[in-house]
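Both complexes shown next keep chain A, but they swap its partner, so chain B is in the first and chain C is in the second.
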Partner chain A sequence: MNQAPKTREPLFHLVKRDVTKKWIPWAIRAGAVVAAFILLGLMSLISLGVNPFKVYKYMFEGAFGDSFRVMRLLRDLAILLLFALAVTPAFKMKFWNIGAEGQVLMGGFACMICMFYLGGKVNDVLLIFISLAASVLMGAIWAGIPALFKAKWNTNETLFTLMMNYVAIQIILYTIKIWAPGGTGTLTPSAYGNLPAIGGEHFWFSIIVALVMTAVMFVYLRYTKHGYEINVVGESENTARYIGINVRKVVIRTLLLSGLICGLTGFLLVAGIDHTVSSTTAGGRGFTAILVSWLAKFNPIAMIFTSLLVVFLSKGMDEVMTQVGVTNSFFSQVVTGITFLMIIGCEFFINYRVVFRHRKNDEAAPAAPIPEAAADTAAPAPTTEEVPIPSETTQANAAEEE
Partner chain B sequence: MKKIITIIMALALVAAVAIGLVACGNSFEDGEPVDIPALDVQEVRSYEGLTVPADFKIGMICLHDETSTYDANFINAVKAAVKALGMADNQLILKTGIDEKAVCYTTAVELVNQGCDVIFADSFGHEDYMIQAARDYRNVQFCHATGTKAHTTGLANYHNAFASIYEGRYLAGIAAGMKLNEMNKDKADGEKNYKMGYVGAYTYAEVISGYTSFYLGAKSVCPQVTMAVQFTGSWYDVAAEKEAAENLIKNEKCALISQHADSMGSPSACEAAGVPNVSYNGSTIEACPSTFIVSSRIDWTPYVKYIIAQTVEGKAIATDYTGSLKDGSVALTAVNGGVMAEGTIDAIVEARAKLAAGTLKVFDTSKFTVNGAALTTYLADVDDLGDYVGETEVVSGGAFEESKFRSAPYFDLAIDGITRLNAAY
Partner chain C sequence: MENAIELKNITKAFGTKVIANKNVSLDLKKGEILSLLGENGSGKTTLMNMIAGIYYPDEGQIFVNGKEVTIKSPKDALDLKIGMVHQHFKLVDVFTAAQNIALGMKDKGHYSIKKVSAEVSEMGARYGFVIDPNKMIHTMSVSEKQTVEIIKVLYRGADILILDEPTAVLTPQEIKKLFDVLREMRKDGKSIVIITHKLNEVMEISDRVAVLRKGEHIGTVLTSETNEKQLTEMMVGQKVDLEIDRKDPVDPKPRLLIEHMTVKNRDGLNAIEDVSFTINGGEILGIAGISGNGQKELLEGIAGLQKVESGDVIFHNPKKNKPVTFFHKDLKKIKKMAAEGCFHYPDGTKVDLTGKSKKEIVRLVNEEQILFYEDEIIDLRHRTPREIQELGIKLSFVPEDRLNMGLVGNMSIIDNMALRSYRKGKSIFVNKKRPKSLADKIISDLEVVTPSDMTPVRRLSGGNVQKVLVGREISSSPKVLMAAYPVRGLDINSSYLIYNLLNEQKEKNVAVVFVGEDLDVLLALSDRLLVLSGGKVAGIVDARTVTKEEVGMMMLSRAKAEDAEALNLPTTEKKEDVE
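Here is the complex of A and B:
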């Protein structure tokens, strides 16, 4: 006992939270979003000299300013949501598919091949269905290859899917060179095989598809046998094997599903929006989708809101930059990055709480052991444990809670 | 012994530097900008008595942001034009970082919704989306720089623009040729090196026309000159442009470098290697004080002023507008006094007067050969319908008539003396 006063208690230490009240995590997340926006306003004030309230006003206008902007926001939200839905089943299974970018690109590429070679030669409606089938198939193949390697030879899926992105980009760049010689790496949009505009708007198709897919994915993950199997494989492969789940089969099947949704997304991007393909068709959303999916704790319904947050920030900051007349993207990139960092960082405080050293006690009676700390060291309660600043463990814990 | 050698070497070095400075023969220092006397500019129309209404707006769509020299050149021009016509800052809406895909269309619509009367886009790949927007919003004017399709779409509110920048390139080439002459003046025959290097973005008519006119300018004062071209396959790729310039300097042994790509990759590689550089889009004298010679650039200010004024007055904008030396669209930056060869400014001024008067033609068919033979006929793909088949005879009166049948360049021949190290579409 004599030793106890000698060890200096750190200024603060971290204690694992008891997961009792359901509202606490959501309150912390909401607090983080609010804090992020306050910080965003302060940064604008300091570096651009713009009134923060004006910044919020511009952001809101940029996202929801008029009906056209609302539709554009919803469409971009829908596309990002589809990317996120595509990576989610694999992530739930702890298969780190970071190849959505490439899978979408290949889906869109397959669609463009159909439009390029069959455009004007077959009926346009038929062409759309052929393109759709080709896109979905190609997306599934692009995701299936790393899945097969993982299942057969246990290759590293993170590296494999990442590399497949670059292969996809190069295939597209190479093909554009063949299709458009003497050009500048851009391909003229195809006049054939374009998705029809529903009710005079080119936006609705993606929005409807995204809504349907969200509902389907929600049901699939939560209420079907497949969804259950994905969960079990994600939690423990050994358990899965023990209860007779064919892990290889589940891995390949789930990745094919991922690729299929990616292919569909690529189809929507090419046939519905861009009518052409380029190496930037996916535009980095394959990676942003990982963030969207994680933040939503792999819950498809929650992903609607996390996608909204991402798209709102992007559209909002674009408008701020336009209004303020800043013609570079440094500031908006930094601000967006910091905002996400705060929102992701708050997950840490959902799992752990900070306990500060009781300074007064310390000074008043340095010899006497502090009751709380003593209790902790002597007999740790089953629900709390002290942690030496975890880094990667945070995310893993977050996933386990689900 | 070692010490003595060191001292001798040091003295020799000092002497060499001193001789080098004397040899320069001019009193300017490195990095000191020297203006070329201005040409008497006649703008395409008068702006006297023009008042732009307070609710008039111009929208601008840029591929990258101001960190790209190409886009910065447009941004500066549109700001200068807005200022020159006495418009307020909020009468200009600038959208940067707009990709060459459907987002260009949605951005154009956004600008229409914000009340823009005329919308200007700066990148080649924006064209199809600008046409789509022009179809949907007939009462708004859409102007597109570097595009090729205005003369075939038949839309009254869609317009293309470019400038006879090949004339600017030719003049910059003269500065390069004279620098080569100066560098080789005191060298023994076996050590003379008249090879230039060129970093190009794409194997595309605009780039080919640019480097060919640059080469012909150099050749007009330095007949022995040859040139190697390396393409990067991107308009903006710092690493690839730097690598290409380094390859041209180290492996191809080029004595001077120029480029048509938008990053600082090539100029900074030249500065690091101490190789003279002729730039594009704007001066790089501050970053490269000891190697920058001169830069040709398109000054878009006259065109932007023109489209604003025409729109305000309800007059038609030309379907294809080709800016020239005479209207101030084709410009040269100040020359780097410490790096340029003696007499450079006089030579440029003389050639410029001839070009402006039409007595000198850049693509004079008596001044170059293709596969060893003079060019007498050539069908260029002017209509750009996607067939990549030439249909318009562009050689007449002893010259290749660049930018006559449409504003965007269509010179895409491989002339003798220039070697393409690769191709990139």
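Here is the complex of A and C:
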């Protein structure tokens, strides 16, 4: 047993931060983005041997280089934003719907069914409306099933919605085999039921819809009775029951809304952009959307910026890879992943300050959140880093009360 | 006497605003019992947590047995022979007492549970504990669990014991038992700190009292040279009137009749079994019992939040001579009730609506011309929580987790006010105007300390959270107000404010149900006292005449036989045998 007097103070300890000033969290987040880009440049320098400033230039050109690229960026931004808007109401309710992928796929699939079987047989405008209705309905059904199970038997929604993704993928693969037997497993784009081009571009539809949906979702969540109920159910189911909210009803209603937007997104993808469907139509964006939504703290307006960041990174890194002549995307994926880890990890420094030994009187010093120290602390923590933080905060709160 | 622990200028802050401890210097002498007294939030637990290695002080020095030490973890504390028994037990439910005690011990080689059991029994005998080392934790009563926690600390060789609010969950008899044990340990040379905010216990057990207020050490006094009044003033910083103004109930009439009610808990066991009693308007019915004896299920059953398996909850809606409205009754219902002779006109003649047009009836109702002839009698058993609330039965449920039911921590005070009223109106948007004026009214009437009405309630202190919740519930003029543990975690001033609010409601002829844990308060506030034990009514007594000891006996009357034996109390069964 160590009875010797120990007077050494620990190297550093964590102190809870007051979040009274609104700009501090945003300054830390902005700092994290800047630091992430610095790290990104350094990594490019070390592993690819490219001048970091060139990397930034390529990235910028890849995203905003010419009007064609801007258009592509806007298109992808709009679609990703729609995905994120779709998952947001459920997430705000703490219903972890990770099945946006499958819900969008099934929406697109329903649209394709209409185009495949009714194409040429009915008026094209009518066909578009039929496909839209079918997509939205299908998306809502695909989200409604896990919601119903959750409400009735309290099943785990995370596993359920995840599994529904695979079911959706298999249904589509199977159907394509029937529609295009012996082929390459891809379906030729349909000539019917496509959304009309506005000003020579096919994507305007998606962009407009995304903007409108963002505004609608913002108002819905913040000002309506439904939005209020979602908030209460998400924050405290007991309180919701206590004031007489029918929790099951709210869960199902919200998931139907979620699925409805997913179905709409699937419709826009198939009728407006791809004109066909495949198992990769959603392209993993159902998962990326979770990140977009979380980063924006479920604020639809903020999601415009977080999805822009995601799309910018992916477009930019594609361009860097092309310019450097690397044909696989592993490096860009690693870089993108690390960037987001840093941004997510910075949330920790929004809640806590690090106080180093001998420097404790230096109250005014900014918490030195970002560079390597931040990356080191953030990196080992997986994306789930977000989840435990609130509980830590409450513990700290409880401690304060005592 | 030598100092076991000496603290010098200890400061600990959470964030820049919350300073839990500020320049605290105090000492614990060897072989003494020191009470650490202070209101909730005065920094008692934080201070002790720094000695126990849970927190690390921002500034200051700690000396143990005269040597300066750094305590970075609970292990460091144990190495220094310091042990802390926390308010919330840290035990593994599916292990036995001995297994829990042995857990985490780092002896070389393997150790035998038998040896541990023997040592535990020996230790129990030495200090007067009654403990079965082979009993599973989940079958134990709260006081037994606490015993295990204390022995766990002693077994690790602690000479300095810190007990955080050890009496909060115990009955008067159990407290007496615990104090006997503590005195034995003092005789054995142990130094003990007991954190509490109950003055009578401080006077009974301690040698000296250290008082903290708002994180600062106000002073340490010898127990023999002080009194409760002086201690209160030290604690609160001003003179406090500790009298509850209990008026006699005026014309108490049955408001809520609980008849043979049975409610199951989450595990499907009967938490409330065949309970019958009456709650009168204009009186406070106190509900006493060891926590977890069905209080929660009883209230939730009445409020419609838990399914009532059998029995009835009959509500006498005090409607006599009050006008009927379209709020609860629709036109069809009003016609039907008129035909049954339920209404009369202000001049006393019976209402007959036959042959009257719809328009005319609507006019009569809106002009408040149709009055109830008698009180309405409604069975609440199959009604939804919302219907029950709209009838005026308000549950101000404030369990340990007051932010878990009743309020939403992350929402602003305004939004929490809207919880009750947001449904009103046909608009799809939430109207925030009324909630805002209600929030501002409560903030000024009840003196809620908050930066603004937009502040999330979780940022408020416990007392202020409580005021917000109780304020909202009484704002809608309830007919029945059920308050569960409404003062838990509140300072003295806030507690008395809440007691006064309940008394005011009682004077407004509201039927008030008050579930409490402090027997002194229950006896001082209630008109009648219902004692729950094991989910059954152990007795309904006049709170003005009954004694604390009698209530304590009733609380244990249906407890498991071995619990009572452990306390050397006769069980009811045995008593009956004798008779």
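One rule holds for everything that comes next: the second predicted complex is superposed on the first by the 349 of 402 C-alpha atoms of A that agree within 3 Å, B and C clash if a C-alpha of one lies under 4 Å from a C-alpha of the other, contacts with A are read in each partner's own complex, and residues count from 1 in each chain.
Quick note on the criterion: a residue touches a chain if its C-beta (ideal position, glycine included) is under 8 Å from a C-beta of that chain, and two chains touch if they have at least 3 such contacts.
As the structure is a computational prediction, the values presented were derived from the model and not from experiment.
Engineer: Between chain B and chain C, whom does A:Glu235 touch in the aligned arrangement: first, second, both, or neither?
Structural biologist: In the superposed model, A:Glu235 contacts chain C only, not chain B.
Engineer: Now for A:Arg248: first (chain B), second (chain C), both, or neither, which partner does it touch?
Structural biologist: Touch partners of A:Arg248: none, neither chain B nor chain C.
Engineer: With both structures fitted on chain A, tell me whether chain B or chain C touches more of chain A's residues.
Structural biologist: Of the two chains, more chain A residues are contacted by C.
Engineer: Which partner does A:Thr327 contact after superposing on A: first (chain B), second (chain C), both, neither?
Structural biologist: The first partner, chain B, only.
Engineer: Is A:Lys57 contacted by the first partner chain B, the second partner chain C, both or neither?
Structural biologist: The answer is neither, since A:Lys57 touches no partner chain.
Engineer: Would you sort A:Arg69 into first (chain B), second (chain C), both or neither based on which partner it touches?
Structural biologist: In the superposition, A:Arg69 contacts chain B only.
Engineer: Once the shared chain is lined up, is A:Lys94 touching chain B (first), chain C (second), both, or neither of them?
Structural biologist: A:Lys94 contacts neither chain B nor chain C.
Engineer: Can you check the complex and tell me which residues of chain B touch chain A?
Structural biologist: 62, 65-67, 71, 75, 89, 93-97, 99-102, 106, 109-110, 113, 124-125, 128-129, 201-205, 233-235, 381, 386, 388, 412, 424-425
Engineer: Under the touch definition given earlier, write down the residues of chain C that touch chain A in their complex.
Structural biologist: Checking each residue of chain C against chain A gives 13-18, 20, 40-41, 44-46, 49, 55-56, 58-59, 67-70, 72, 76, 79-80, 303, 305, 384-387, 389, 395, 397, 403-411, 415, 418-420, 422-423, 428-430, 458, 461-462, 489.
Engineer: If you look only at chain A, which of its residues touch chain C in the complex?
Structural biologist: Chain A residues touching chain C: 1-3, 5-10, 13, 15-18, 20, 223-228, 231-232, 235-236, 238-239, 241-244, 355, 360, 363, 394, 396-397, 399-402.
Engineer: Would you mind writing out the residues of chain A in touch with chain B in their complex?
Structural biologist: Listed in rising order, the residues of chain A that touch chain B are 66, 68-69, 72, 173, 176-177, 180-186, 188-189, 273-276, 278, 280-281, 283, 318, 321-322, 325, 327-329.
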